[in-house]
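Some structures are shown below for you to check.
Look for chain A in each of the two complexes below; its partner is chain B in the first and chain C in the second.
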Partner chain A sequence: MAHPSQLGFQDAASPLMEELLMFHDHALLVVFLISAFVLYIILAMITTNMTDKYILDSQGVEIIWTILPALILILIALPSLRILYLMDEIDSPHLTVKAVGHQWYWSYEYTDYADLAFDSYMIPPQDLTPGQFRLLEADHRMVIPVMTPVRALISAEDVLHSWAVPALGTKMDAVPGRLNQTTFVASRPGVYYGQCSEICGANHSFMPIVVEVAPLEHFEAWSSLMLEDT
Partner chain B sequence: MSLAKPLMRGLLGKRLRIHLPVAFAVSLLTAAVFKYTVCDPRKQAYAEFYKNYDAVKEFNNMREAGIFECVRPSGE
Partner chain C sequence: MLASRALRLVGRRAISTSVCVRGGHGVAKVEGYSLPAYFDRRENPLPQVRYVTDLSSEQVSLKEKEKGSWATLSNEEKVALYRISFKQSFAEMNQGSAEWKSIAAGIFFFIGLTGLLVVWQRKYVFGDVPHTFHPEWKAKELQRMIDMRINPVEGISSKWDYENKQWKK
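Here is the complex of A and B:
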């Protein structure tokens, strides 16, 4: 989860999020490069004693300040496109989970082998136990196995929602009448939090997503237990 | 006695010939500092983390701490 006064991204829990972190570092490097240049030029311009300092035209400098930004944009676009295509690779997922947005909760369906379905409501602040996180905890968590390609099919029952888990580097809009697909692999076990990311009414901020990543045998035990309970 | 004629031309060009290369150098230096203090350490940190990462051991530690709901600590 995010920490108070956190500035950067959450630690990556999937290979895709690691790639996104590296790309963000690359893009920020280009931002600092350009900003340092512009700042220096501004300082040079305001500390001059010259009164007649305006060049009226110069084809040479115009060529330079057209070509150079184009090269910088290519420098940003190439890694960006690489990650974009990486995100679209559907690499034989071992598990499919449906996440359906409602006003104002998520429901999850594991229908690969049996009909497991449950709702996931936010735990209200007054019902939290010590150590739990305000507005982030849910009564039923989505559990997935670690190091397993998972396909998430996202949809909605009523209005637009968006299923997002920053640590896993996933966000996908939940559109009524449409099934959106995203895949991810959780690299390490743990509990990862997200929140609805598309305005959906009064309780838009109060329908969190909690993903638990556990080894396969524990995932199987959990799903058997959930099937018995439902 | 006559004074030398002051330099009246090419003042901006002379200034630009100093400041533009310095501006490029400053921006490249800023980028290099950011790369070697942020980008590369972050890549290294992730590589180090996963080099000897034992998912089962970490999972068991987290399980005993009671953070999971799909599986309770072994004592419970």
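Here is the complex of A and C:
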């Protein structure tokens, strides 16, 4: 989760998010350089005493300020496309989880080996124990094993929702009548929070996603426990 | 014409679109008008017309003298010739004004006014923040974030020294 007044991204919990962080650094640097340069030009133009500014031309500078932006755009596009195609790679996930959006909660189904399904409602602020995070905590977390390629199949039962976990670098729209697939690998254990990312009615802001990444033994113990309960 | 009559306060000259009334003595370049106009702009140093179009008899004779050798012209005559062609010299047109002070004053005033409005709004319009904003809760949240190793790479948990149970120096 983000700490209060945090401006930047959360630390990456998946290799894809690491790539996105690095690309963002790169693109932001380009943006800062361009902005600083433009700011300098604006200040120079305001404070200059040069005459004949609007009645002269220069082919040279016009060539430069056409070619250079094109090069900069290529410099941004190449890493961007690389990550785009990286995101589309699916190579044999070990686990499949279905996340289905409802108004206004998520339900998760682990049906690879047994029929495990449960709902995940937000814990209302009045029911929080001291120290829990308002609007982010859920009563049942989606637990997955660490360092395991996971396939998430996202869908919805009623209206559009969107399943997003920023730390993992995932977001996928939950469309009723459609199965959207996304894969990720959680590279470190921990608890990662996300919120529904597509307007879906009155409680759109109150259906969070909580992913708990644990070592495989813990995941197995948890799923056995959940199966006993349901 | 209707607008001219209605806005007598502003003055006919200011809002009339008739070219004759606007004359040629504005500072802005008069684009879109078919008649050439005079303007004083540093970036575009050659106006379309001379400033003084109706020359007095003195000026007419000066113009005749100008056709001869310029070495015979005195300094005052050169300046007079300049003033026939141009309204302001470069020094005069580049001169700053004290307008920036009024603008800055207006900006600060409105920022201050907005600040007062915001303070009033917070006191009289908005309700209480949720109970999770109280300092004790926030402290417990922070402890929980550290315990859960939230953002341990470069974020908040990376700034905590777990051995000595304090923030890293």
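Operating definition for what follows: the second predicted complex is superposed on the first by the 225 of 230 C-alpha atoms of A that agree within 3 Å, B and C clash if a C-alpha of one lies under 4 Å from a C-alpha of the other, contacts with A are read in each partner's own complex, and residues count from 1 in each chain.
Rule of thumb we're sticking to: contacts are C-beta pairs under 8 Å (C-beta built on N, C-alpha and C of every residue); 3 or more make two chains touch, one makes a residue touch a chain.
Note that the coordinates shown come from a computational prediction; the quantities given were computed from them, not determined experimentally.
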Joint occupancy of chain A by chain B and chain C, clash or fit
fit
Have a look at where A:Pro125 lands relative to chain B and chain C in the superposition and call it first, second, both or neither.
second
Could you look at A:Ala12 and tell me whether it touches chain B, chain C, both or neither (first, second, both, neither)?
both
Of the two partner chains, chain B (first) and chain C (second), which one does A:Phe133 touch, if any: first, second, both, or neither?
second
When the two structures are overlaid on chain A, which partner does A:His3 contact: first (chain B), second (chain C), both, or neither?
second
When both partners are placed on the shared chain, which of chain B and chain C touches more of chain A:
B
Quick one: is A:Ile67 in contact with chain B, with chain C, with both, or with neither? Answer first, second, both or neither.
neither
For the superposed three-chain arrangement, provide the angle chain B-chain A-chain C between C-alpha centres, rounded in steps of 10 degrees.
50
Check the residue A:Val191 against both partner chains and state whether it touches chain B (first), chain C (second), both, or neither.
both
Nearest-approach distance, in Å, of chain C Cα atoms to those of chain B in the combined model
5
Footprint overlap on chain A, comparing chain B with chain C
12, 50, 52-53, 55, 188, 190-191
In their shared complex, at which residues does chain B touch chain A?
11-12, 15, 19, 22-24, 26-31, 34-35, 38-39, 42-43, 46, 50, 53, 55-56, 58-59, 62, 67-71
Under the stated contact criterion, what part of chain A meets chain B in this complex?
12, 18, 21-22, 25-26, 28-30, 32-37, 40-41, 44, 48, 50, 52-53, 55, 141, 143, 146-147, 187-191, 212, 214-215, 218-219, 221-222
Of chain A, residues touching chain C in the complex
1, 3-4, 6, 10-12, 49-55, 125, 128, 130-134, 188, 190-191
Considering only the defined contacts, which chain C positions touch chain A in the complex?
42-46, 90, 94, 130-132, 136-138, 140-145, 148-156
